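Pasting a structure here, questions to come.
As written, the chains take the letters A, B, C and D, and residue 1 is the first residue of each chain.
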């Protein structure tokens, strides 16, 4: 039995805060109080004086080692979850993506294999790219096995997209068996039409990627999936919501008493589309779907976050090297692999830009970073510092300043969309299931494959 | 130093739950953990096995000993807070209501005197019924003294209502000094016009009270105050929201990135306007403003509650005896004193109808019953079971059934709007600042005047 | 030179009314005034005393002799336009529907051949079911040839539907060359999914057709096409709008300054879905897409009509015999040919139910029946009684009562969705291009093939 | 019997156009046709070759000789209606404004006296500034006497404003007796609060007038009156709608099937708030309520006009001399008389900016300038060129260019808000009830007092 005492920290949950101590016994949180050392012994005492202490982050949207657009995302489960650790993210939910024609079981096998080397904990959403009678029968099985959320793509026709007919079936089946459908809401046909148009016009630099993914494409798909979900009386989770127009559809549908959960990503809160103007093909770093939007969209997203209309912040972590991967699209934006790194920066970015700048409270920060993802996706050992939960704990110095750079980040990629970004607030020490995995900013005692698969519970429909 | 150990309860916060123990030292929560008795001694151990343990309720909307419509509300601060204790509500926020022509200071003096005999803790909203240059100058002073929210009435012209011009000034001044404006949103002119019309028509039974307060009157005023608040960039708190039409205005205004906080009351979630048809003047029990609405409104309110678009549930506790008070309006609904009792039933009603019926989660229950009122209104010692907070703790048996009746309730009034209502879940034991005040359903060691005034902090604008 | 004088009628346009005379010279309207006989001689004088005189109706949505669902609509251009005459409709716009794989030119050839025997005037919308580079090139050619509107189907996948990618191209191309896109807004995938579901469940009677075409399917598609049109800055014309939910999408999009034109059909204003409960497979008469909706939808449609949010009333005339055609789906609603007759009843139905019941003014009646279809679709010889226009003139007795029945109607079909409907107001006499074609309710001097193809002008974007 | 033949004009109604002749006999339109001279003799032939011929304009919102803010509007009924003639406006509807405390009858007497010298035709709206039992009784009487619309002010508290309670009564009474309520929608309390604030701040130049009348003040009042009207099931007519925010409230309320008629004025379509920056107190010219708005508002208004969501364009003609009147507010914007001249320019401005620039069709132009005001307000002899209507006819050269200037305009005022505005399209000749009153831009045979009071019909609720 190992005991660690975190002493004198400013402890934050999604709904509380106080100064006190946390006792960790083995992998769990065992006691919380003042001056616990008066009553408990400990093998190790970590001084948290002046630090914020809160539950380990959960990034509910990552793509490690994903084969995509003729290449593979640059972080695997080991480097990706390690980068997460450095930034205070102790769990991820990655997407096990069905190959059209194959079974869901097959894709889960593949992903379990890929994830075996993870150092952080992980779970899987199952991305259904081919819904049919066979798939329908696998769904209850998956839910029993702790895969309780099902991602769908309304874009990437011919590769990942399912049509509305499949979507109708999927929504019904998943609802019936207690799962949750999450959606990449972009109208793939609009995007494909625009890409074709820009290609015909010979306008092929990275910024045309953004123009080929207009807000209408996202808002249309968001509206459509809400209509389908409304018919099926199913809740829905919108991933990586990026623009005011899509939020507006959500807010309009509140009026008909529909349950809609909304995720955004750090980059949509922080970057604006002037990034695509960066010279020397640097704009390619920001090629992702949906693309980076405008300042008006940031404003709308921050406000929705403050009000609780956005439930989670994730990253859509999916890095590609500028040199050797992104540059496949040097002469054609449509061949630039979509995605960027983020898992390692999410907490510090949002702490610095959100909490320190008083756009959101620290409680809301914990809620959208950890507690809500855990609750929505049924990770019942995670998401809070409650007694008996996994001791996934972050200690953050709220005042230390530092600067993001590809030279120093822990992502396995040659560039950063946040290069030069100056932050206030730094993750110092991180525990994962009671083990110190980052100590004073440095990885500690990391063991390849020590990450554990998290079986998740079914969706709580009164949530 | 007194120590109480609450053992083996199912402990719930607004964001967590687990089975464990709570150690109370004197008036504060000192430690939380499993098997605390192994490490701590205690003067008293309370067995919470099988019980739900959560923070004491805060009823943010009560009217004790209020002079109104030629009479006085039937509960005073002693009987009212004692009734609260029995139902798990350990704090109230009552309204100190300015008399037009007098200063705010004068009304606060009056209310401090009235409240001196309270057994539960209390704070005050200040209801501004006469805004002028003098009032404006008093506001920063009040905020310094812990009165940080300012209620206004858009109805009761000539008595409590302020016009839109005063409202503009008030919104600006309060915003500037860090306070929050809360609003009784009913268009008094519409109501007065309708009352006059029904009186002319000689239709004077209680149900015409409801008809004279149509949803349009509430929705109009809600829309108007949001327009005024939007201009002044001020957040707004809508009290006792009762109907779908008013919620719709809130939801429409989300689209322009406005911060609107919404309160409803137990009765609007649970009762429908068929109550006004009860024979023998029983309908008078339900005469309150806004009136009880329709089933469609209940549905909208429950959904908004689930989604977090409603932030708090209060009671607007303001009881009048059917015999001797309500019957002043036997022949004229407009003379029936407006109001009903609720402070003692709020938690059990919403637990039974909300949590047990799976309309909301237990976490949301704690949030709207206790944590949100504390956070919104700056009661920094209350609202959670965090270390160092006041030990206001409720132990509730989630399965015990009981029935509400005026014969057994603790309200000082001769009737109940919930007469015969069967509930699942019963408050068993309650602590107020570390003192057991209810034990096995019975008041324990209550000392008149032991309730404490709670100075509140300024509004957190990033909330 | 032939001259007809219509004397002493109550003459109505979309914006005027007065009692007076109309002089028709040859095929045109030559003069309007009081007591024209004092100044003009005439070959024939028609006494219109007590009658309403207004421009011949234009039914902008018919399907004559349409091969569909393994059979063919029961009226051909001769019987269909003759039925139109009897009901005061002197022009139709039929749909020339491209066969997927074929050219637009080919389909127009086919339709020109079919229409050669028409007795009433006709124009064609071109329904694009296969948009590609070839189609794109044909569009400007068609517009030059007077085919200026292009219908698309968002339903009937695999037969008529185009996907959103084609739609993007079509909207852009048509906008660029001055045409107008009209849309059958139903989400074909939703419908197909529901049909499959009901078939699996073995629920196969006609009413399941209605359940398989829920309002969500229509509203979703309406919302989607508006998003696509908004992106392309293209106006859009929604055909046969049937439900409140679709109208709501239109009204919401007014807020973003989008030009949306809306058609409904007589049956959606008049019938409700209780019709599907008729015994003995009679419900099959009402099988059409969208299906007959609910009373709340009628109410919303009438209101939108009154306010000018609905621009035209058409019929979607597409009759099938109950015996020999509809009964192909005796045991499977999905095999019942979709459609019903209406071209002969439109004016009298809406006059009786709309004008006589004071839901709309007589001016609005003329506007939506004749003037708007002419203006929207560029039929510059039609749509009004102005000098120089084609003398398409209806004389209607506003007080004569009669009853609709399949026994007496002029549709070439064995049943009627309006069987037994009692009407006030009857078309007595009709002129088509100066020829009396109906006299005292009876066809007069009809010559097969005397109908003329109407070349239409490009869309007026300031309309 | 006098006969005038207008020959070969391009004749436009709200729903037709053609090239032809109009025969005027005495004061009425007698015949319309081609080459009427072949069949009719005439005393005078007016060659309209190349000219547009359409019905005389109706300005539904003027204030002639209005005592206001310590002075009087600079045009009286003679100069004002003469200026109207020059610009093609042959009828006005002026506001007979009740003095608080006096009867409606008294104010009508006053206005009938003022109007006795009018040269153009006129009608009255009755502005109710004091609604009580007496007023209520006068309303049916007024309606019988052809005063069928009742204006209310939601601003100018203490002078013109009625409160919501009066408004409830007025809406009900007017609805019951077949009249229409029209509303100046600005929240007077907001405005008064802002004026006071700017005065305290010593910011007193004309532009603060605009800042003291924010869009929120207009939109709030528009929303409120629609809520009140909705409750009373009464249609409502919003005068001088100036901003997108108010239009948005209208469009949102379409969703609940409410009948709302909307007026805007020329200046809101054409000017933007940069005008308030003009040096040397020139900004005072534009001081009116609501104030001139922003370019985004113009855009929204033009779109609403195109779509038919705006029903009429008026002027709110209420001129004050810069020198001697406006300069009363030299040092205090709140003392600048509110208003500007417009009656003489309305048609030419909107023709030039609307029709020639293809923002609206010529038919819509006629509709909002003449036909709709006649229909909405029951002026059954006006608003169209139909047989038997008053021969109020405008002949306009669609291509002649000219420039507006105070030096040449016919308003009795020393300045113009349109100074230097270059227009395409000029009114050449105007007939009023069969008399040529303007010939080749010059007044002709004008006789003081020749204008006739127009009794108006009750509101058509199916309109």
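Here is the rule we use: a residue touches a chain if its C-beta (ideal position, glycine included) is under 8 Å from a C-beta of that chain, and two chains touch if they have at least 3 such contacts.
The model shown is predicted, which means the values in this text are computed figures rather than measured ones.
Centroid distances from chain A, each centroid being the mean of CA atoms, peak for D.
One simple way to say how far apart two chains are is to compare their mean CA positions; for chain B and chain C this gives 58 Å. Taking the mean of the C-alpha atoms as each chain's centre, chain A and chain B sit 38 Å apart. Rounded to whole angstrom, the centroid-to-centroid distance between chain B and chain D, based on C-alpha atoms, equals 51 Å.
Shared interface positions of chain A, defined as residues touching 2 or more other chains, are 252. Inter-chain contacts, as defined above, occur between A-B, A-C, B-D, C-D. Within the complex, the chain D residues that touch chain B are 157, 163-165, 167-169, 187, 189-190, 192-194, 214, 216-217, 219-220, 223-224, 227-228, 230-231, 252.
Considering their complex, residues 11, 13-20, 23, 30-34, 36, 39-40, 248, 251-252, 254-255, 257, 259, 299-300, 303, 306-309, 358-361, 363, 367, 371, 375, 384-389, 460-463 of chain C touch chain D.
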